[in-house]
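Chain nomenclature is as follows: A, B and C, assigned in order of appearance, with residue numbering initiated at 1 for each chain independently.
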Amino acid sequence: MISEIPTPTPEMMPDASITPKIVVKDLQVVYSDGNESLRGINLVIPERAITVLFGPAGGGKSTFLRTLNRLNDLADVAEVSGHIWLDDVDILDSQIDTIALRRRVGIVFARPVVLPMSIRQNITYGLELAGERRASHLDEAVERSLKAAALWEEVHDRLNDPAVALSGGQQQRLCLARVLALEPEIILLDEPTSGLDPISTGKVELSLQELKQRYTIVLVPHSIQQAARVSDFAGFFLNGELVEYAPGKRIFTHPQDQRTEDYIEGRFG
Amino acid sequence: MIDIATIRKRAKRRKRTQRIGFSTLAMVTLITMVPIAMVVIYVFIQGLPAISWEFLTEQPREGMRAGGILPAIVGTFWLTLGTAVISVPLGVGAAIYLAEYASDNRWTRIIRVAIINLAGIPSVVYGLFGLGLFVLFLNFGTSILAGSLTLSIMTLPVIISTTEEALRAVPSSFRVVSISLGGTRWQTIRRIVLPQALPGIITGVILGLERAAGETAPILFTAAAFFLPRMPGSIFDATMALPYHLFVISTQVPGMPVKIQYGTALVLLVFVLGMNLIATLIRSRSRARRQW
Amino acid sequence: MRSVGWREFVITRLIRAAGYSSILFVGMIFIFLLREGAPAVVEIPFDTLFSERWYPIEDYFGILPLIGGSILVTIGAAVVAVPIGLATAIFIAEVAPRWLREILKPFVELLGGLPSVLLGFLGILVMAPLIRTTLNIPTGLTAFTGSLLLGGIAIPTIVSVAEDALDAVPRTYRDAALAMGATEWQTIWRVTLPAARSGVLTAIMLGIGRALGETMTVMMVTGNAPVLPLSPMALFEPARTMTATIAAEMGEVANGSVHYHSLFLIGIVLFLISLVINLAAASVVFRQRKRAERVLS
């Protein structure tokens, strides 16, 4: 079953000039306890830019993120309907290869979870799962991804140490490096700096600015300040609905919807 | 009105009740523990004089009243090994299914009820079942094979429940990360979950096998030979076994020297205690080394 | 699903099969017991089966004395094991300091791992003579001796299950009681124990099940006399349980004989009793889990 990609309507676009990477149409997610998490989401996520999804807790941002690489398959999701086209593939199609999808769409979680192995093994893990055994390729990937995550300088001389020995900030950058090693097209970040100190947060945000030259990034920020700092485009999620979606510069200075304005100015949330 | 003095008096009385209560509980616990220690110590004291190189490495002679118990030791070894070979893959597999694959539906609940029931079936009923299915119906005869199969099914619930517990103790975030990096379910289990749960699984397996090694009733009609002063030649041979041998020489053979009885009891106890000790060591070791 | 290769496909099937195997085994056990035991119902007249005499050589197949023997010895074991087991569980879970817990728990586990034949052996050599001389009765191989040893065998089951149940009571319950000025002793009796009651009940049931199913120890120390116990004094006389009867006689019967079938029939009775006990225990466990889920969600 291959459905045609619709031409995105202007409301779905944050800006007319973008190149679409992901097109989401009528997305609806219901949890098996009956809770409706997402209702009628329509949006286009542009390529090679940082798209920020913000809003109060429970608004469906994380659920949306995890739908983009079908990680919700593991959770108690009763029903997912609608379409999500990544390039020209509808990833909600039950026939698609979810394993290959997750290699194209990497995710970094709020709490850094390093696997119980060495720093090096954490990075090569995903590649080895994909069948990569050539040592030269693996070594190259370790160095490349650690550099891209701004961690190489700190750990290059102790790659075989257990990853748990790293500090929280380093662990989170290792998680980012682990995703980069797979050379995905899209990187999802779910409040990646919520547990980090300001210096580590700064490092992560800096590497994101570098990474957006090559990757499509979707970020759920841990604060509005962060959202304003890093966003190229931003969408405001409230109670499972996308209220407003626009370039970051505009939404944080001239929000069109009253609810967005209230939230940004701190009247609720 | 209650004055301060009354309150103090009541508090004091409650304190005393608590002291007496706690002491009673401690005493009762002591009553449980002391006999266990006494059993172990007593068997060691009584059995040690019988232990010699000959006792452990020779065939029984003079109608088991002299000589060694080697065939029984070897037999128990083979039965335990046979049980391990069958029950470990089956039990660990079932535990992986329950912990990693099964969703909470009616069939899963039926599986759980079945396991609980397997755990509760009397060991002698396993013996009957083994006799009916393996010895007679499948025509394995009274053999190590039939005995190991019977013991395996009996051991399954222990292995399943301890392994499942060990698997569930592995943080689910590891699984999510592995899947998110493009791992399949089985890759995640094999590369992350199983290695992390391994110490717990080994502990559970050993505790299960310890139970199997000490059992008599299930092998009574399926594997055990009353007196067979030679080594089993294949898995289709009957065999002597330590627990059954102890039963035989303490009830069926008149004029049995007590020394040999205690010696046999001690060897059985060491077999079981040794496994128990190894299991306990592995468990405490891995807890100390765990990174999560 | 293309990345999931045939190897994963096969392994997943095998794991699923292993998961379902337990159902198969329970079913097969029941079928083979029925296959070998059901003929007894036809072969043995009804009134013979429910008579007071078990003497297979002369075709007396009355199972009442065996059931009676099992009940007698099991009740005796429960009287020993339930109070001691629960007290020990409470001590370990609620009173003992951490370091002592770490010693006591493996110790109880050790008792659970002691082979029953070893306990039976010590029962014959040490306990029976002691009981005979102390109580001044003709033989020390009595239902009483069996009860004491079976009690010991049931204790580890009761302790570990009850201890788990007590351990599972949320810390906050205790803290709330203590904050209202209750002593720890009062908290145990009025808060922790009631909160863990279903688990404690399960512990008792499983302990009794363990005692009822125990074979070698009872066979070795109860004297093996199939007499219907009619008064409490029967406790100090020899008895014969269902399990011991199977173990003692199966070796001597001809396959396919009435006696052979009758022993399998006893096996069916034991199987059904353990089924009832464990289904009851399982239903308690499942109900409890559901309630816990409601409370926690």
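Note that in this section a residue touches a chain if its C-beta (ideal position, glycine included) is under 8 Å from a C-beta of that chain, and two chains touch if they have at least 3 such contacts.
Bear in mind that the values here come from a model prediction, so they are computed numbers and not experimental data.
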Middle chain, criterion being Cα centroid separation: B
Chain whose average C-alpha position is farthest from chain C's own: A
Distance between the centres, which are taken as Cα means, of chain C and chain A, whole angstrom: 55
Whole-Å gap separating chain A and chain B, where each centre is the average of the chain's CA atoms: 49
Euclidean distance of C-alpha centroids - chain B vs chain C, Å: 16
Junction residues of chain A, two or more chains touched: 99-100
Multi-chain contact residues (two or more partners), chain B: 182, 184, 187
Residues within chain C bordering two or more other chains: 3-4
Chain B - residues contacting chain C, complex: 14-15, 17-18, 21-22, 24-26, 28-29, 31-33, 35-37, 39-40, 42-43, 89-94, 96-98, 100-102, 107, 109-129, 131-133, 136-137, 153, 156-157, 160, 182, 184-187, 207, 210-211, 213-217, 220-221, 243-244, 246-247, 250-251, 258, 261, 265, 268-269, 272-273, 275-276, 280
Of all residues in chain B, those that touch chain A in their complex: 171, 173-184, 187, 191-192, 196, 291-292
Of all residues in chain A, those that touch chain B in their complex: 69, 71, 74, 99-100, 102-103, 106-107, 109, 111, 113, 115-116, 125-126, 129-130, 162, 164, 175, 178-179, 182
Residue ranges of chain C in contact with chain B within the complex: 3-4, 8, 11-12, 14-23, 25-26, 28-29, 32-33, 35-36, 83-85, 87-88, 90-92, 95-96, 104, 106-111, 113-122, 124-126, 152, 155, 159, 183-186, 206, 209, 212-216, 220, 243, 246-247, 250-251, 255, 263-264, 267, 270-271, 274-275, 277-279, 281-282, 285-286
